[in-house]
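Written out below as structure tokens is the structure these notes cover.
Chains: A, B, C and D, in written order; residue numbering restarts at 1 for each.
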């Protein structure tokens, strides 16, 4: 029987990491193109400019929120890739699904920013978060099952990575459910969750996950 | 006789890989700029937004299709680069041709998405696929002939890589021919082919290539 | 007690450097999209084109200024990352803050270029410089305190890196204060400071920092 | 006397290469954003689309020309970076100048494409080529003089790299001079020069440089 292409394709973790870093970098900086300063004609005094910049504040916040979300998932993916001894074509394609969801994130965040009071916009945004988490989880389970992770990754570390994804998704889903009352509650809950992941305060209960 | 520039230029596989990853990453994320959410003024209720998002569905599918195509060729190029022991200026320039075709892919896909019923749009798209495949094939043949591939690349692996490119191109050409009847048949055939390459199901006949 | 996710996340300096290079590269090239040549219809002779290109000069200068600023901070971050033996999740997140400020730099520069006579635009621009410097300083202090820097980084080198950030920020703040009189004085002072950092002339007093 | 910042900054060739690859990758793919297919409303039949695509041909050629130019200078820079044992802050800043000129290349090419019959557009384009070449030359001379190149770079190789830059610039300048008669002659001459650099045919006289 001959050597099949599928057995030899997609073996380089380094290039997968390089492609991922590139896609994250572009996705993280693309949104700044949407940040347009006020039109020159509309501004006549320092006060006009001040007011125009204050009006730009929500857009800036959206930008930072999108950056924060992508940074969280960059860290999440990195925690995995660092522990892949090698990859195979299936794992590479699971990561491709992840990268596809990453590149759509700017669109979801922008949709939510523009239609901040609409439940459907929030559900779309949450669906993107859910998809990112689900694919990360599947990638890790697959890598563990097929022995693609490094030898020094203990059972405890492997479980910690899984637990973190599940814990994050439970919080995001809880946030999404709050939109039954109000989308602002949802967004606030999700943002607080994300800031917690970024800062990782030394709260015993929280840092156990 | 003196040392000529052409003999010492273009020797780094690492930098070629880095440039490729960068170009693929930008090409894969650029198209999301075309995905614009509905205008704020046109939306008055959750139902309006729902309908507007449903109307966006074809654009999202196009985006994913473009991502899928680029991911397939990224894998194809990676399978080669991993097996290049070194490169020379000619091989580097063949890869440049490949990268040029990669960077035009978003344009071809967008053209097809907008003129989905037109044969000429389909032919353009297929020509891009054909060009990508042809350049990959030429690059591999050239690298084999000039001994630039690594020692541990057996004859079987080398043949598997060639066979895969030819097999893919035969399927794409078959798909393109279907446009004599209808461009939708062509697109469906090509998408199924691509999804097959991504998922690589364990169908004995198919996975032999 | 179990292994916590936060202890194992964000450990790769290489991938942090790769993400940073990607974000800097995109931020440095994005602004060229704003550089539009004159409209074809408005140009009837060589003289028309000449005048249109001369009118484009300020935009080109803004572009170069933005490039210069980003290049300075790329060097500043690189001087640090080269001396990180490893990183941890906190240091990675401090660097994320830095990258977020990097990706907003094009926006600040463009704002200043369009509203060059307005103090608020200058303050925004300076706030961005201050934020970049402050985060770099915090990152370095944190890395020193937690022993994340390489063994061969002497106390003198560590202090030189800190001193440089503080010295730069003092100059930038001095420049910003000049806007009490006139924003053009501020900009001139900041640009001269930046060109000094780029060229690093052998002036004994200046090169001590 | 204390350790100065300038002596320890900008030492990593790897990160300089990574930033360069990122900037080249973005510059090479950005222009595809300008390639817009025909508007959907204007197209009623296959023939309409065919005519619209034929009308797009000059834009596509411009895109490829820009890609070709950037690919040539990417190879030129790579030939240098591969031979840098290390870098210092001055050499890093010379490379920054080079990267700044790289990121402006898309603008110059677009200007020339739109005003193809105007001498000033051609002079701008040529000035960009000249600047790229001059900075590359200065970088190489500086690296040789300060002993930053690797030990295995023989005198012959070092001279071949210099000779190539000078030879290229002489050809580009010759091409630019042809615009006294006609800009089309200039462009044709420069394109033929570039294609010669890409293909490197085995013409004894030409390949000596």
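We take it that contacts are C-beta pairs under 8 Å (C-beta built on N, C-alpha and C of every residue); 3 or more make two chains touch, one makes a residue touch a chain.
Given the structure is predicted, the values throughout are model-derived calculations rather than measurements.
Participant: What's the call on chain B versus chain D, same or different interface residues, using the half cut on shared numbers?
Facilitator: Different-residue interface.
Participant: Using only the C-alpha atoms, find the rotation that maps chain C onto chain D and quote its angle between 0 and 180 degrees, to the nearest 5.
Facilitator: The rotation relating chain C to chain D comes to 90 degrees.
Participant: How big is the gap, in whole Å, between where the Cα atoms of chain A centre and where those of chain C centre?
Facilitator: One centre to the other, that is 25 Å.
Participant: Could you give the separation in Å between the centres of chain A and chain D, each centre being the mean of its C-alpha atoms?
Facilitator: Comparing mean C-alpha positions, chain D is 36 Å from chain A.
Participant: Send over the residues of chain D in touch with two or more other chains.
Facilitator: Residues 18, 21-22, 25-26, 30, 33 of chain D each touch two or more of the other chains.
Participant: In the complex formed with chain D, which residues of chain B make contact?
Facilitator: By the definition above, chain B touches chain D via 2-6, 8-12, 15, 18-19, 21-23, 25-27, 30, 33, 89-90, 92-93, 96, 99-100, 103-104, 106-107, 110-111, 114-115, 118-121, 124.
Participant: Would you tell me which residues of chain B are touching chain A in their complex?
Facilitator: Residues in contact with chain A: 17-18, 21-22, 24-26, 28-30, 32-33, 35, 37, 40, 43, 46, 49-50, 53, 60, 63-64, 67, 71, 74-76, 78-79, 81-82, 154, 156-157, 159-161, 163-164, 198-200, 207-209.
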